[in-house]
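Each structure below is given as structure tokens.
Same chain, two partners: subunit A is paired with subunit B first, then with subunit C.
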Partner chain A sequence: MSSAYIASIINSTLRSTTPILLAALGSAICSRVGVFNVALEAQMLIGCFFSIAVNYATGSLLLAVGAGILSGALVGLVVALLQVKYKAADMVIGTSLNLLVQGGTTFLLYLLFGLRGVLNDPKLVPLYKINLPVIRDIPFLGRVLENLTILDYICYIVAALLFVWLFKTVSGFHILSVGINKAAAESLGTKATRIQMQMVVLSGALCGLGGTALSMGQVTMFTENMTSGRGFIAMAAASLGMSHPLLTIFSSLFFGLCQGIGLALQNVIKSQLTMTLPYVATIVALVLFSRRSARRQA
Partner chain B sequence: MKQSHNAKNFGPRLWRSLRQPLIAVAFGLLVGALVILACGQNPIAVYIEMFNKSFFTPYYLFSTLTRATPIIICAMATGMAWRAGYINIGVEGQMVTGTFVATVCALFIPGPPILAGLLAWIAGMIAGALYALLPAVLTWKFQVSMVITSLMLNYVANYITSYFVTYPLKDTAGDGLALQTPEIHELMRLPRLSTTSTFNAGFLIAVAVMLFMVFITKRTVFGYESKMGGFNPSFARYGGTKQVKVMIITMALSGAIASIAGTAEVFGLKYRYADGMLSSTSYAWTGLMAALIADLNPVGMFFVSIFLSGLQIGGSAIQRSLGIPLEIATIIQCCITLFVSVKLIFKVRQKKPVREDVKEGGAQA
Partner chain C sequence: MKHITKVYGSLYANNDVHLTLDKGEILAVVGENGAGKSTLMKILYGLEQPTSGKIYLNGQLQHFRSPHDAINQKIGMVQQHFMLLNPCTVAENIVYGREPRKGLFFDREEAVRVTEALCEKYGLHIDPRRLVGDCPVGLQQRVEILKVLYQDADIIIFDEPSAVLTPQEVNELLRTMRKLAEMGKSIIIITHKLHEVMAVADRVMVMRLGRYIQEMAKTETSIEEMSYLMVGRRIVERQVPPRKPTGRVLEVQDLVLAGSEAKNILDHFSIHVDGGEIVGIAGVSGNGQSELIQCLTGLLQPTSGKVMLKGQDVAGKSVGDIRTAGCACIPEDRYLWGCAARASLTETAIMAHQRSSKISRNGLLNNKGARDFTQSLLDGYDVRNSGQTQKAGELSGGNIQKLIVAREIEQHSPLLIAAEPTRGVDIGAMEFIHNKLLEKREQGDAVLLISSELTEIMSLSDRIYVIYEGRAVGEFRKADATEEDLGILMMGGKLNEAVS
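Here is the complex of A and B:
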């Protein structure tokens, strides 16, 4: 195996990690405040769609990314209202929103663009690919970091910021206290329900950004149901990372690696079989690390 | 409890259980009407067209019932697991695996076709049950989340069956582009119940599965134990229920029923397994919606499945004639489910805080 091959696998790992990491951070802050958010998939997919739709309509990258974040946050708001405020069952809200967004984006794709399945147009503006002048010429590293977008870097900054906010600031402690004991936090004057709702909306925004990274990262297009279970993989990543922003980076990188290897193996093994790799890996990883998380909760 | 039926207050009780779903359906249709209005069409005219082409014309009614067959059975499979507190969202994977195994058995088991066909059904049910046991055992042994594992297994089943029908088992005789297996023997096929449409005996199987569910839930100790396990696990354990045994049987039944859904589609309608035939039609997810709307009541799930199937048939009719995307049906049915969940709000507030806590904790573990 040549070093160029390894570099290209790492490169595709980094690209595949971005959407998963952003969504996993969203999942992590939800479980940190004791909300089981199943609608991650919906929050991501709507971000994929609206970032591409606004990109197509305006040609502005800033508006496109903003639309992705905003649409994800809106779905998050629905979750916050129904599930946190009105205490509806988490699985019911999550699954119906996932299906609603899946149907809704397909509906809008046909209604707005008259298309079925895929929106891929030369008019779409791709995100800038970052090729730093000096690093580009370093043999191995240059290939590893080749053509990454700004979002591929931002996701790690977001994780670091979340870590600082949650674990190093007073407002972060308030948030964590809600997840540890909601009644106790409320008795000390923390507006627990409000914090929970804010965190769910924030998770929507993060997933929306993750969806944007998916539809405007390696490719610039929207495909029907293009998240294909990434919301649930992100949930697994957050759970493996024990809902800690920095640990979640590593678990997300693992799932990114599985997708990267899956892509690389497509030349050797039939793609239908390599496509199963991320899903099988998710189950295996959950099983391998289950002991530890069980002990932590006990 | 619901078991004791006396005729005197049957009417009021029926109304009480139907009230919330009916209100939710009304709100769902209202949201659909707003969406249709936004498309620049007259909602009333569209709805009349939709329901004419799903329920009020014999030909379309048969299409609705044909499409409802797998949806009903998937709803029962979902209901079986969910009422016991096991959040099985992998019905699609179990259906795909079971159906694929049944089709392969039907194609390759030698001997008299009727006997081979019967064996194929049984093999499919065993495969579906085993595929459902996978997340069950992982949950039991390793406390991993059944929500995630059962969903991941959907993708695995879809991709692996896709591989088989694309390469080793592809039908090379007919259309070279179609990814599908050869047809099963004529004697194995379920009889048609109508001369003018594809309505077939699969629907009777769906009715039988529904009756089986009613029997299990209302008349057996197992049905009671599994419901108690979902309602209040610590009470069930206190009462001496062997929870692992209940979980294994529940999930195995759920997977076996799921496999019947797809097998009935192959043996009654398509006569072969084609790539994506069970996933692109989202039978399992529609069944899940039906189960949620009907609050996991078997008879309710049966009728809601037929209603949702009608929405989809009507949706594809208006897509052809009026150019409104057929996903309008998905939007309406998801909104109905969301509005039904508003009903849960009142229930949760009144009496079920314990159960909700347990469910959330279980799903996160």
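Here is the complex of A and C:
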């Protein structure tokens, strides 16, 4: 295997990781406050759609990214209201939102643009690709970091910020306390339900940004159901990373690697088979992990 | 507090109650289970809003919409069930809500320092860096007290603080309360143990059925008068006639449960219980009692040893198998093992009865049968409730205990394990439960009684074992047992044969 080949696998790993990591961080903060958010997929997909739609309509990158974040946050708000405030069943809310957004984005695509399934237009403005002058010329590293977008860097900064916020600040301590013992937090005057709702909305924003990274990262286009289960992979990544922002970086990289390898092997093995790799890895990882934690509990 | 009324559905939990508290005073609130003591305190602490009535503090009208408001007015509460963050450190728990900061950050080092200073000031010692989940109950309660003190509370409410403590810890707690009162704090304590009232309170207030009954200075009352006012009748001393045991029901041989450290949690523990016999296990809690119960009921797998139940070895069998073999259990922690807080009373009552022919047939529940059965338990054991659809978690602490006791006794199993069967119940109910246990003994069944209340063990048991560090260190017949001897063994001492 040539080093160029390895570099290109790492490169595609990094790109695949970004949407997963952002959504996984969203999943992690939800479980840190004791909310089981199944609607990650919906929050991501709506981000994919609206960032591309706004991009197409205005040509402004800033507005496009903003639309991705905002639309994700709005879906998060729906989850927060129904699931946290009115205590509806998490699975029901999550599953129906996932289906609703999947059908809804396809429908809107037709309604707004008269298109079926795909929005891909030369008018769409891609995110800037960062190719730093010095690094570009370093042989291996240059290839590894080739053509990454700003979001591919930002996601790690977000993870680090989340870590500092949750584990080093007072408000973070209060947020964590809600997940540890809601009744105790409330008895000390913390508005626990409000914090839970805020965190779900934040997870929506993060997933929306993840969706944006997906539709405006490697390619700049929207296709029907383009998240194809990444929301669930993100859930797996968060739980593998024990809902810890820094550990979640590594678990997300693992799933990114599976996708990267899957892409790289496309030309060797049938692509239908290679595309299953991330999902098989998800199941295997979850089984291994839950067995380990079950043993620890015993 | 004036004219406080609180209505849940159609039930008056508090009905026109008055309460006053002076500076530096300790007020004891006593009353039957479900009398509305906890509810009244929750109102004072802002956890519940009164249906009507007003609260005045230093002459000023207050509205507490949440504990936050009450904390700001320097009211603190140590609740019946601890409100702690177990995976966090002692210091983190104590400074919660008013954390020291360094710039943007939570200054955890400073939190440790202020905790140390606080401990020093009030003479309550604890390691600030320890995880709360690793602390024994007595220390956890100390954390709760320090938490309230850190909030600079002038009024401190204790809701049944001694229910889960060992006698030593209780004494310590009472001393602490006196000290705090001397420092000018005002204290309200709810308790069912009237000798604690006599030991610590300045004034006593009695409640019954949500109403204020009477209050008096401690010096002008007695345990007898208080219990009469609480239950409305006299409690008589019980005489237990001796009874010949029938055949062997339970025999535990060389039971070993290895711990994570070198020492065994249960160390070659051997006891036996016959039919028609109540056997007590005395011991300071934390000496393996919980693990013993869990091994006997199938929640834990013993490392080695035999548990013979009616001649059949059930060690390591599943909970279901052991219950079928003839063992019922009143668990020590009613919320952890005894019930699901969100289940209805019907569901709570039929647990483990679900296969009886009255309640289900061919795997289908007979709802009418279940309701009738539940009603018979609720009525027969005087469980104060507002209907069978009420959630178990909404019953007052003593009433849920009565329901669990009812459910387990009505199993009519050859063996009943009763762990802290009267924890948190009032004196009337305690007498009632004790009589039920004795009735069971009369029927020729075996009862294994595990309790940290030495008086309970001494008054009921035919034979008594002492457990210390997972070993059975002594066996007494009722006639030979003295409180002193048991006490010495419980603390790990040795009896001098020549003296005893």
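Operating definition for what follows: the second predicted complex is superposed on the first by the 290 of 298 C-alpha atoms of A that agree within 3 Å, B and C clash if a C-alpha of one lies under 4 Å from a C-alpha of the other, contacts with A are read in each partner's own complex, and residues count from 1 in each chain.
Keep in mind that, in the parts below, a contact is a pair of C-beta atoms (placed from the backbone, for glycine too) under 8 Å apart; a residue touches a chain by one contact, two chains touch by 3 or more.
These figures come from a predicted structure and were not determined experimentally.
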{"item": "Contacts of A:N225 with subunit B and subunit C, given as first, second, both or neither", "value": "neither"}
{"item": "Partner chain(s) touched by A:Q198 [first = subunit B, second = subunit C, both, neither]", "value": "neither"}
{"item": "Subunit B versus subunit C as contact partner of A:S177, first or second or both or neither", "value": "second"}
{"item": "Residue contacts on subunit A - larger count, subunit B or subunit C", "value": "B"}
{"item": "Which superposed partner A:T190 touches (first subunit B, second subunit C, both, neither)", "value": "second"}
{"item": "Touching partner for A:V92 - first (subunit B), second (subunit C), both, neither", "value": "first"}
{"item": "Which of subunit B and subunit C A:G104 touches, first, second, both or neither", "value": "first"}
{"item": "Which of subunit B and subunit C A:K168 touches, first, second, both or neither", "value": "second"}
{"item": "Contact footprint of subunit A on subunit C as seen in their complex", "value": "47, 66-68, 71, 77, 79, 83-88, 92, 96-97, 99, 101, 104-106, 147"}
{"item": "Residue ranges of subunit A touching subunit B (in the complex, touch as defined)", "value": "31, 34, 36, 38, 82, 86-93, 95-97, 99-100, 102-104, 106-107, 110-111, 228-229, 232-233, 235-236, 239, 270, 272-273, 275-276, 279-280, 282-283, 286-287, 290-291, 293-294, 297"}
{"item": "Residue ranges of subunit B touching subunit A (in the complex, touch as defined)", "value": "35, 39, 87, 89, 138, 142-145, 147-149, 151-156, 159-160, 162-163, 166-167, 282, 285, 288-289, 292, 325, 327-331, 334-335, 337-338, 340-342, 344-345, 348-349, 356, 359-360, 363-365"}
{"item": "Contacting residues of subunit A [partner subunit C, same complex]", "value": "168-170, 172-174, 177, 180-181, 183-190"}
